[in-house]
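What follows is a pair of complexes built around chain A, which joins chain B in one and chain C in the other.
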Partner chain A sequence: MKKITSMLLAVVLGATLLCGCGGAADTSATGTTDDTATESTAADNSSASTGATFKIGGIGPITGGAAVYGNAVKNGAQIAIDEINAAGGINGAQIEYKFEDDEHDAEKAVNAYNTLKDWNMQLLMGTVTSAPCVAVSEKTKEDNIFQLTPSGTSVPCTQYDNAFRVCFSDPLQGTASAKYIGMNNLSSKLAVIYDSSDVYSSGIYETFAKEAANQPFEIVAAEAFTADNKTDFTTQLQKAKDAGADLVFLPIYYQEATLILSQADTMGYKPTFFGCDGLDGILGVENFDNSLAEGVMLLTPFAADAKDDATVNFVTKYKEQFGGDIPNQFAADAYDAIYIMKAAIEKAGCTPDMDASAICDAVKGAMTQISVDGLTGAGMSWTADGEVNKDPKAVVIKDGVYVAMD
Partner chain B sequence: MSFLNYLINGISLGSVYAIIALGYTMVYGIAKMLNFAHGDVIMVGGFVVFTMSTRMGLSPVLSVLVSIVICTLLGMTIERIAYKPLRNATSLAVLITAIGVSYFLQNLALIIFGSDIKLFTSVVKVKPLVIADGQITITGETIVTILACMIIMTVLTLFIKKTKAGQAMLAVSEDKGAAELMGVNVNATISLTFAIGSGLAAIAGVLLCSAYPSLNPYTGSMPGIKAFVAAVFGGIGSIPGALIGGILLGVIESLSKSYISSQMADAIVFSVLIIVLLVKPTGLLGKKISEKV
Partner chain C sequence: MKKIKLNRDYLITYGMVILFYIIMTILKGTGNLTSLFSGLLVPICVYSILAVSLNLTVGILGELSLGHAGFMCVGAFSSAFFSMCMKDVITNSFVRFLIALLISAFVAAFFGIIIGIPVLRLRGDYLAIVTLAFGEIIKNIVNILYVGRDSDGMHISIKDSISLGLKDDGKVIINGAQGITGTPHDSNFTIGIILLLITLFVVLNFMHSRSGRAVMAIRDNRIAAESIGINISKYKLMAFSISAALAGIAGCLYAHNLSTLNALPKNFGYNMSIMILVYVVLGGIGNIRGSIIAATILTVLPELLRGFSDYRMLIYSVVLIALMLFNASPGAIEFKEKYSIKRLLSKKTKTKEVQ
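And then the complex of A and B:
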């Protein structure tokens, strides 16, 4: 008996250790670097004299595991800057653009920031990924430099009043999803399956449930799972099915979603599945039967195959300039970020001879007054705490590819 | 009708716990040590079958056989390298070593296969059993898993009772020293126990991955711990106990998910375990062996 007790204690200890390393779900990109033709473009206008140009710095991972994101941002912003400069610049002044690598590392991001500061950067577009973005936001706050992140989704990225973002924050995706489902009448009774042990997933669920109260649908089942119990979803699905849910909202990562899709298929339960950016990647899972993902909807701000003029123009230019690559949502976020900066600078009436701190004070006030039409949303506006208001957009998976929803 | 569905979900889940628990309880019962790497041997078994049948397109039966052979060899190697030198050390030292082996296997798989999940193609070709106009479905995997549990349980019990090697195992489990004096080769017997336990892990791995087809380096760790709980629940060391413990655990988990709270399911399962152990410290079917002084 004593032996068993002591062993059990040790087991509990062992279990806690094992649990810690279990659920490392992450959407970080695979390590393909495709930065052909991007190196030379960064310093195009560097010959212009200081004081006559706006100096915009960018930070993001252009090498390493998250390089796909960083390169997309770097290139997307470059297209916007070239367009603006060709059309006469901001308040008559050209833009100078310099992009520094942070390898998706908080410390390297701060070094990159210091390099840009030595270059006399006036505004910062970045950083691309959340953890470095939080680190850099401490620095921009200290130095009072305006910061606009195209794609940092975690909440503390915009914790200070000088920082704004183009994308939805993690929890705001819940609000956006609820609005989207309501606006498009996708469902009258829906179920949610979320990971209650994960801050991303439960954060989205909470804001989703809050917004659902204002929407014309009803949440008939809200089922949770935890990192330690994420192989069997049949009970959760059975409850959703019994409750008559015709849509299942999945604010989770694609790893678990693949299991949910196949278990629902085995049960013969065929609702619409709707997810957030965590589902992005589901089509790349080895040996996953992509036909199971047919009809799955994802909340994402940009679909490269959309037919509106702005998207077509952007995609064409991007492909021409960057070796035929099709831009992803990060590129679109960055493109919008530059136009948002332009709108805010014009609204604030800043001139290039102002110092970074003065520009920051003027621009952060202007951010809450502007409205920008971009690739990732029409009529985007901002609150003083840095969050964006825009209509959510979604894509649906058809024949194994993302297709824009009308 | 939905109650029946929840019950069947629980039995499916429980049968997977049970088949893993059989290996745990077998090794504990004979060698008196908790092999925490058992869950990770299961993961290795899954990866072997995945590589052979899904990636290389070999026949599922052949892949399962190869997987059993590889896992058996792996189990014997682990025993030889990591546990044998500690034969006379305290049981806690062996337990920590087992946790070390578990991490080693996980990290090795991480290096070889990466952290991305892989979807496992089920090797079970049995048609699901549909009753009551399609309202209730029992998957082929569940049927095969339960049958496999029954067969393994029977064969193991017969093996221990009827064969010389099995008798030697019993002797070693009761008293290593005395068994050695009576001419039993203790080291070979414990090696054989690990070989059988790991072979069972390969079968469990295949059935686990067929029922829940996502495979990554951590696939075995949580089911391994749950199965250990099931083994303790049923009475560790008892072979029928592992089966009953596993199925009960699955059913309790599924019913608490459906009728109480999907968030609290694990907490409820473990509370039940605590209560059972308070009332019956040896588990449901565990034997109380009084030690003579």
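And then the complex of A and C:
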């Protein structure tokens, strides 16, 4: 009996394998049209295209704990691609776009990358989170495929010459924050609350602490929490309060920050809160009293409330297509990433019939020569080691909206 | 007669693995294998080894372990740490990987023994509770562990990488939550299959050795086993530490397949332990071949379902439930007996005979 069961299982395995092979051809179609809102535009594009298309792949977590970021990137890039396709594409060629899930796991990210490779991807926009990005960059280096990560902040993400990023790296954010606080004399005694189990958060904290040694302020409390207990922050806040900190630096994501803000309010502790781009999105949290976020400062390249045409256009489109969600910085990074790719491809004069490796060689040279005005910065340019040059913008929350600080 | 049958059963299991290897190598050689699938080959080996080794604890020893990913984590980090330190000293990747494997097996077995000595003396489900805690503790310790190296030697801290006080030539090897980055890519499919075969060899031979029979006697009736003079703690500990060592080897294979190693809840946490248990249960508790098949299917399945995009995880869980029901529910078993291929064939021959 057992033997038959195992035989059957083997048959099932064989069948699933075959199904998989057969199904692979259709996936590109489902990939581009799975958002009902974009279905019509995508259909128009495929009929309008003359056959040759640039195939851009994306990787990020669209399920699991980090799904917020993956979905934002997926949607942000979709908007940029729809716009470019509607305006005639890159060098006259349309873009095909396919986004794969990596569940914020390095192993799954490599699987997603291999899936995209089977789809004949020519350029990679991803991955969204740092650890998977490092694993994938190893593969793109091997295969010589151009990689542009919208939001992979850790340093080794761009360790190879074929990888570039749109966002600031962790060291840059940490150093910039420390310098900004020191330069503007925002504080003399400062506390940090960070997530020691998170790459992004501990990465920023470390460089912040390093730079703090050269700044006029003093870190009086550096309190960590981990992903396993991120609901109660009263201990950390109490320590910060007892140490007399007048500013609390929060290099964390906004979900935890909302809890910290409300718990500090309950305790009657009212320091200035200062955060990095992870805090962007704090005003969109459900059941969170936005008045608590009054006076919070953050260093972010993108503010959804900015009044310039590009941002307004992007935010409106995003809201229309994706159920009224306000785009966060990840979405803006992804939107920029697609336009950066466009600029680099045009500069390099690539055509869609070139293979991925040839495009990579041409585009990585062009990357250091272009300058792009995007949502997350004006006049962005790149160095050969993959880092972006743009100014960090500091904003402060006033009356429920972001206001740029001088 | 019995012996011959046993050997044949072994050979089918080995043959299945070798056949899989040959088919995949031919497909890869002729360029018919998709890059997705060739990327999945090493993970398939990793999870098969994990499933087989956990089956030793769950199926043969009859104890529930919920911390198998913890042993994998220990093996992965110890071997990756070794490889990072020795990257420049031992340049032959095969030799380096071999030593890394031994280290991972040794360290994981060491932890298995430490946990096993107090807990395996107890009766009841205490092992499940303790291993569950172990898995979580290991994950959290690794997340706060900072180890660096400079010309003065090793520096260890559990605060942050600044407090390591490294000199300018220093290099942080384990960087807390950021884990180990830049592990050499030493594992490949051939090594994976060889390790899987070794695992099978160890487990299958153990099962039918004198010690293995003692372990199974303990599983089936502890009092009877004790009464005939079997040293319960010793044999339990033996089986459990072998299982842990094999999980460590799987961890080593895993770590050297990816260039980055983080202890996330996803890959070394409680969920992963449960996932390995699912492989074992789905393949049949005590059924080694079943474990391999189940691990392979469940590793490949989520990737094949990518075409469903947003509904992928939903369909995956539905398929999982369906497979479980098909395998184990009384109704399904009855149905399979009624319509089994063997029976249908014999029926046909019978009716022919009548005619």
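Just so it is clear, the second predicted complex is superposed on the first by the 227 of 406 C-alpha atoms of A that agree within 3 Å, B and C clash if a C-alpha of one lies under 4 Å from a C-alpha of the other, contacts with A are read in each partner's own complex, and residues count from 1 in each chain.
Rule of thumb we're sticking to: a contact is a pair of C-beta atoms (placed from the backbone, for glycine too) under 8 Å apart; a residue touches a chain by one contact, two chains touch by 3 or more.
No experiment lies behind these values; they were computed from the predicted model shown.
Contacts of A:K270 after superposition on the shared chain: neither chain B nor chain C is touched. After overlaying the two complexes on the shared chain, residue contacts for A:S196 are found with chain B and with chain C alike. Contacts of A:S154 after superposition: chain C is touched, whereas chain B is not reached. By the touch criterion stated above, A:D101 is placed in contact with chain C alone, chain B being left untouched. When the shared chain is aligned, chain C comes close enough to touch A:V134, but chain B does not.
Annotation for chain A, partner touching more residues between chain B and chain C: C.
In the superposed model, A:K398 lies in contact with neither chain B nor chain C. Of the two partner chains, chain B and chain C are each touched by A:D228. Note: residues 1, 4, 6-8, 10, 17, 19, 21, 24, 196, 226, 228 of chain A belong to the chain B contact set and to the chain C contact set alike, using the contact criterion stated above.
Chain B contributes residues 2, 5-6, 9-10, 12-13, 34, 36, 50, 54, 91-92, 95-96, 99, 102, 106, 115-121, 128, 134, 137, 139, 212-214, 216, 218, 221-223, 225, 228, 232, 236, 253-254, 257-258, 261-263, 265-266, 281 to its touches with chain A in the complex.
In the complex of the two chains, the chain A residues touching chain B come out as 1, 3-4, 6-8, 10-11, 14-15, 17-19, 21-22, 24, 196, 223-226, 228-229, 231-232, 234-236, 238-239, 242, 255, 258-259, 262, 266-268, 285-289.
Interface of chain A with chain C (complex): residues 1-2, 4-10, 12-13, 16-17, 19-21, 23-24, 26-27, 30-31, 34, 62-64, 100-101, 103-107, 110-115, 117-118, 130-132, 134-135, 138, 154, 156, 195-199, 201-203, 205-206, 209-210, 222, 226-228. By the touch criterion given at the top, residues 16, 34-40, 43, 136, 140, 143-144, 160-162, 176-179, 181-182, 185, 254, 257-262, 264-267, 283-284, 287, 289-290, 293-294, 296-297, 300-301, 303-304, 306-310, 312-313, 323, 327, 336-337, 340-342 of chain C touch chain A in their complex.
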